[in-house]
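Multiple structures follow.
You will see chain A twice below: alongside chain B first, and alongside chain C after that.
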Partner chain A sequence: MNERVAIVGYKQTKHTFDSPVARERMIYELVKALFAELGITRDDIDTFILASNDFTDGRTISEVFTVPRIGAYMKDETKVESDGLSAALYAYMRILSGLYETALVVGFSMAGSEFRAPLIQSYTLDPVYERPRGIINYYSIAALQANAYMRKYKFTEEDLAQLTVKNLENANNNPYAARKEENPSIDKVLGSKPLYLPIRQAHVSAYADGACAVILSSKKMAKKFTNKPVWIDGVGHFMDTYYIGDRDLLAMEHLSAAAKKAYKMAGIKNPKKEIDLAEIHTNFSSEEPVFAEAMGLFKPGSGKDVVKNGESRIDGALPINPSGGPLGANPINATGLIRLAEASAQLRNEAGKNQVKGAKTAVVHAQDGPGAQLNTVFVVRR
Partner chain B sequence: MLAMYFLILYITVQCTGKEGFMAGETVKAMVPITFMYKNRVGQALQVYLNGLKEKKIMGARCPTCKKVYVPPKTVCARCRKPIDKWVEVGQEGILKNFTVSYVNIVNGEILDVQEPYVIGLIKLKGASSLLSGIVKIPSVDKVKTGMKVKAVWKETTQGEYSDLVYFEPA
Partner chain C sequence: MKRNVAIISVGYNGRFVSKRPDINIPELIQPAVANAISKTKLKPEQIDAYVVGNMHTFEGVNQPHLWASDHFGGAGKPVMRIATGGTTGASVFQAAYYHVASGLYDVVMAIGWEKHDEGDAQVGLMGILLPEAFSMFNFGPDMSGERGIAGLGGGGSTGGAAFQAMSYLTKANAGIEHIDRIAALMRSNAAKNPYAHLQQPGCTEADIAKTPIISYPLRYGHTCPTSCGAIALILASEEKAKKFGITDRVAWVKGLGSGSSDAATGNIIEGQITDPAEQYMCKVVAKKVYAMAGIKDPKKEIQVAEVYSGFSHQDLMWPERLGLVDEGKSPEMLDKGAFAIDGELPLNPSGGVTSTNAIGASAMVRVGEAALQVMGLAEGGHQVPRKVENAVAHGWGGLFQFVTVTVLGRTPVKK
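Coming up: the complex of A and B.
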């Protein structure tokens, strides 16, 4: 059995809205570049885990095409039909088991150019209830959640717009982000197309083409890869019930439970104090205060104050999505894994213009399913 | 001819922004996939749909926590207990949450609608769940949580979701 698992390498593509290459080429180039950076070959990897979705790839058993591209030919490989952070959790457990010392995790999709993200999302809706009714979808759920939050805590559309601007500014400084908006402003956000109010186009994450690769290793082997390991010290993974009308969209007990489990494992008693930054998987910027509060990073209902005093900005007390988060790039299936890569970059002091000074501990979150039915939380430390 | 070929190659390399990629790799092919499934709706939704036919809104009561799920379910996720107790809930309720919609999502396409409309989460009398539905209101600006609403039915019902057309202020 292995006791501690580290992130020893990470790399993401420059995400775009229209990739010049096919997904196979994209992940091949990405993994090749990561191996070259670390000076390793595929022989140094014991198990390969892909995160993709047959619906996003337009074919079933999609990995028959993608497995060879990441170097897993004649190697132990498996796939997760979910977000990449779930694949990282899988890799983490495989290494903990002691059967494997190293794992490569790759998540990818072509959500920017090859399919309509809302179409794939609609295939996750109950086929015999929600789909034929056409009322509940990812966008309207986000709007209902946002409205509940705004009403209860007097969070205004301007506050939400300011939060979106914060993320767009961070995305502008992130060389990997697909979305670049010149001089983002509250007025521009509030002037963007209304979808399901308060959700406007500007609040929607940037569905993009892109991929992310992360290498995990046992403590024993970590030195072979890097002298800057990032340790996975806590994990949590919880799912809520499916029906929106049966869920508490504000309390998000399942996310709260996942975070608590991860904090307990990592020995974190006061997350607000002990955590230096969070990378949160938001499909809509309105999810940020709700998720951050469910994860115990801010007091329930403090969204307005957090926006006002800039607490979640890069120079604030607890930066949330210093990378710009999925508002800058949301290549479905890679998005949660990118959060892990971005947090690793922060802890290794490699986050460039978006660097949070002196970051030692980070919390990483990923979601999947309608209205974040599934949540994964990692606590990582340098 | 050869010059033309190199020109195209040059443009492709410029477009991809990186040398070494094969010319023509940006070409896309349409990949149509059509499936038609005939899924069973399951016992609980069958009860719900049968109820709609009789202009009734049916729910299911968990024997342990007494929660009334609408639409009905055969298992309470919290108690892990099977449910076979169907109950009719009220046709009036309170609007608990809503969004004003400017679009519809059809086949993944976000389409503008002519008039904005309200999607609501409604707590019907006797139900624990919030039921989602369209709330028809003369002016969408007037919509408020706490409003009393009631179900409006199609004249001739057929046991379909569309039998319950929308909710309107009660």
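Coming up: the complex of A and C.
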């Protein structure tokens, strides 16, 4: 068995709302560019893991055409039908088992141009009772959660708008983000179209066309790829119950459990102190304070103070989504993997304008399902 | 040092059938899970994690494990979803293996299912091809390359399979009567398996030959049904299996692997080199898996095979590609009765995929049936009479390109 696994390479596309190329070409060019950067060929990869979904691809067994495009022709490969961070988790397991030394993980979708995310998301709902009524959906769940948080902790619409502005500013400095809004301001956010209040259009993540590729390696092989490995020191993933009425949308117990498991594995006792930054998969900016608190990064209910003191800004005590997060680009299936790539960039001091100074430990989160039913957490270190 | 992993239980939700209008997807999965747990002394909370999968475009529910999480016990547990087309079930099982082999979990459940009555399987399979067809409508018919698949796909996957069947028959110097014969053997094997869908006791070559041709040389009797059903496997680490005191009736995972070649059909149109009956990747993966399992001569050391054959000619083709039979010798083996349950190389004692096909479950059923043969627990007269030291389970999917191979055995590979 391998003891330690590293991220030794990562690359993402410039995410857009109108990709000029098809998904097959997008991932082919991405993987090819990553191999060229590292000076490797596909023969240096032991196992290939895709993260995609037949619904988002609009095609049965869509990997029939995407598997060869990531270099897995005549190779060992499989597919996780969930977010890319789950695929990275599977790659991590495969390397830990000792049967593989290196793995390529690729997640992608064309959420910007080929389909409307709310439609595809609605297909995950109970088709008998919930889907046809349209009352429960990803947006209304976010609104229920946001309202509960705002009411309990006196978090205002202005506070929420300020969080959105923080993320949009970060996204403006992120060369890969799809969404670029000139001079984002609280007024502009509060003036955007109300959807399910307090959720407005501005708070919704930017469903985009894009892909992300990450290479994992055992300790033994890491040197071959890079002298700046980023180590995966803790992982955790848990699924919540399906029915929204049965969940505690504020406590997010299963996200909390996933984070605790990852921290324990990484030997982290005080996440607030020991973690330098977090990349969190939020479909709506209202999820940010709830998730960050469930992950033990801030005290429960401290959202208002965090916003006021700028604690989650890039220059704050614990930057959350210095990349701008999914508010800047949310190519479903790649989004969680992009969080891992962004955290790796931070730990390798390659995050450009969004660089968090002296970042050594990061926590990465991905969600899947309605109201973040499935949560995956990674702790990564320089 | 590798961690040894065993399959400790195999659960079904009952016999596979055409239609289950009385239940929904979560209700289809739950009995299989309960059945697998009931065969052990485990409590549901002792399952550390779940790996699940089906082909969700058939039923029109995206990632149905989310909706079903409370029914299979996934709520409050780690859950991972894997889907790889026809090989889904085996890919799910292999992911469950890595959950344990990684050392992160000790007891893991793998679940595969399909509820084909919720949609039309041929329409679902046409979903592979339709995007090409749509571009044809937009830009005019261009039947070269992968777009030609749309033309081939006239009968769902049968169109492409007919090419493979013709190529195989030519290579093996066999005729359509051999396909009739193996199809009859599978349907009569299925009659001995209480969980199989199409059970035809004493089915003969003549019975199959009466069925109409769909796409020459494939008849209706050579094709698989669309079934509703679910299967659940419980995997455990060696330490846990010892702790449960069940090491004498488990199936050890000795070797496993998966792989992909290119989508084959496009290349037929272009007249290129890829022959859908060659299945080179199957040979590559099988070789790797046998080496991992410490098997030097698969012909001698493997006592039973469960192969994934959506069409009956594949029941002749796969044993050759898996190295269990010399190339082109399957028809001869069939004629001398070697593939029968009491034969030299029992092939699909369960009746195989041509008798039962709930697609997301099928590749896992191969693993589960191989496990039952190793454990000696196959019910209803389909247990192989001789001692099964090693069994091989195979999965096939995609556009003739995905393959999974797993070797299970009575004793773990020495570390």
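What we mean here is this: the second predicted complex is superposed on the first by the 382 of 382 C-alpha atoms of A that agree within 3 Å, B and C clash if a C-alpha of one lies under 4 Å from a C-alpha of the other, contacts with A are read in each partner's own complex, and residues count from 1 in each chain.
Everything below uses one rule, namely that a residue touches a chain if its C-beta (ideal position, glycine included) is under 8 Å from a C-beta of that chain, and two chains touch if they have at least 3 such contacts.
Everything numeric here is computed off the predicted structure, so don't read it as measured data.
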Which superposed partner A:G58 touches (first chain B, second chain C, both, neither): both
Partner chain in contact with A:Y243 - chain B first, chain C second, else both or neither: both
Contacts of A:P370 with chain B and chain C, given as first, second, both or neither: second
Touching partner for A:L144 - first (chain B), second (chain C), both, neither: first
Touched partner set for A:S82, first chain B, second chain C, both or neither: second
First (chain B), second (chain C), both or neither touched by A:E293: neither
Chain B versus chain C as contact partner of A:P118, first or second or both or neither: first
First (chain B), second (chain C), both or neither touched by A:Y90: second
Which of chain B and chain C A:V128 touches, first, second, both or neither: both
Set intersection of chain A contacts, chain C complex versus chain B complex: 58-59, 120-121, 127-128, 241, 243
For the chain A and chain C complex, residues of the former touching the latter: 1, 53-55, 58-61, 63-65, 67-68, 72-82, 86, 89-90, 92-94, 96-99, 120-121, 123-128, 235-243, 254, 368-370, 373-374
List of chain A residues in touch with chain B within their complex: 18, 20-22, 25, 58-59, 113-122, 127-129, 132-137, 139-140, 143-144, 147-148, 151, 193-199, 241, 243-246, 249
Chain B residues touching chain A - in the complex, by the definition given at the top: 15-18, 21, 25-26, 28, 31, 33, 37, 39-42, 45, 69-71, 77-78, 97-110, 116, 119, 121, 128-134, 145, 161
In the complex with chain A, residue positions of chain C that touch it: 1-3, 24, 53, 55-58, 60-64, 66-70, 74-86, 91, 94-95, 98-99, 101-104, 124-128, 130-131, 146, 257-263, 280-281, 284-285, 292, 397-399, 401-402
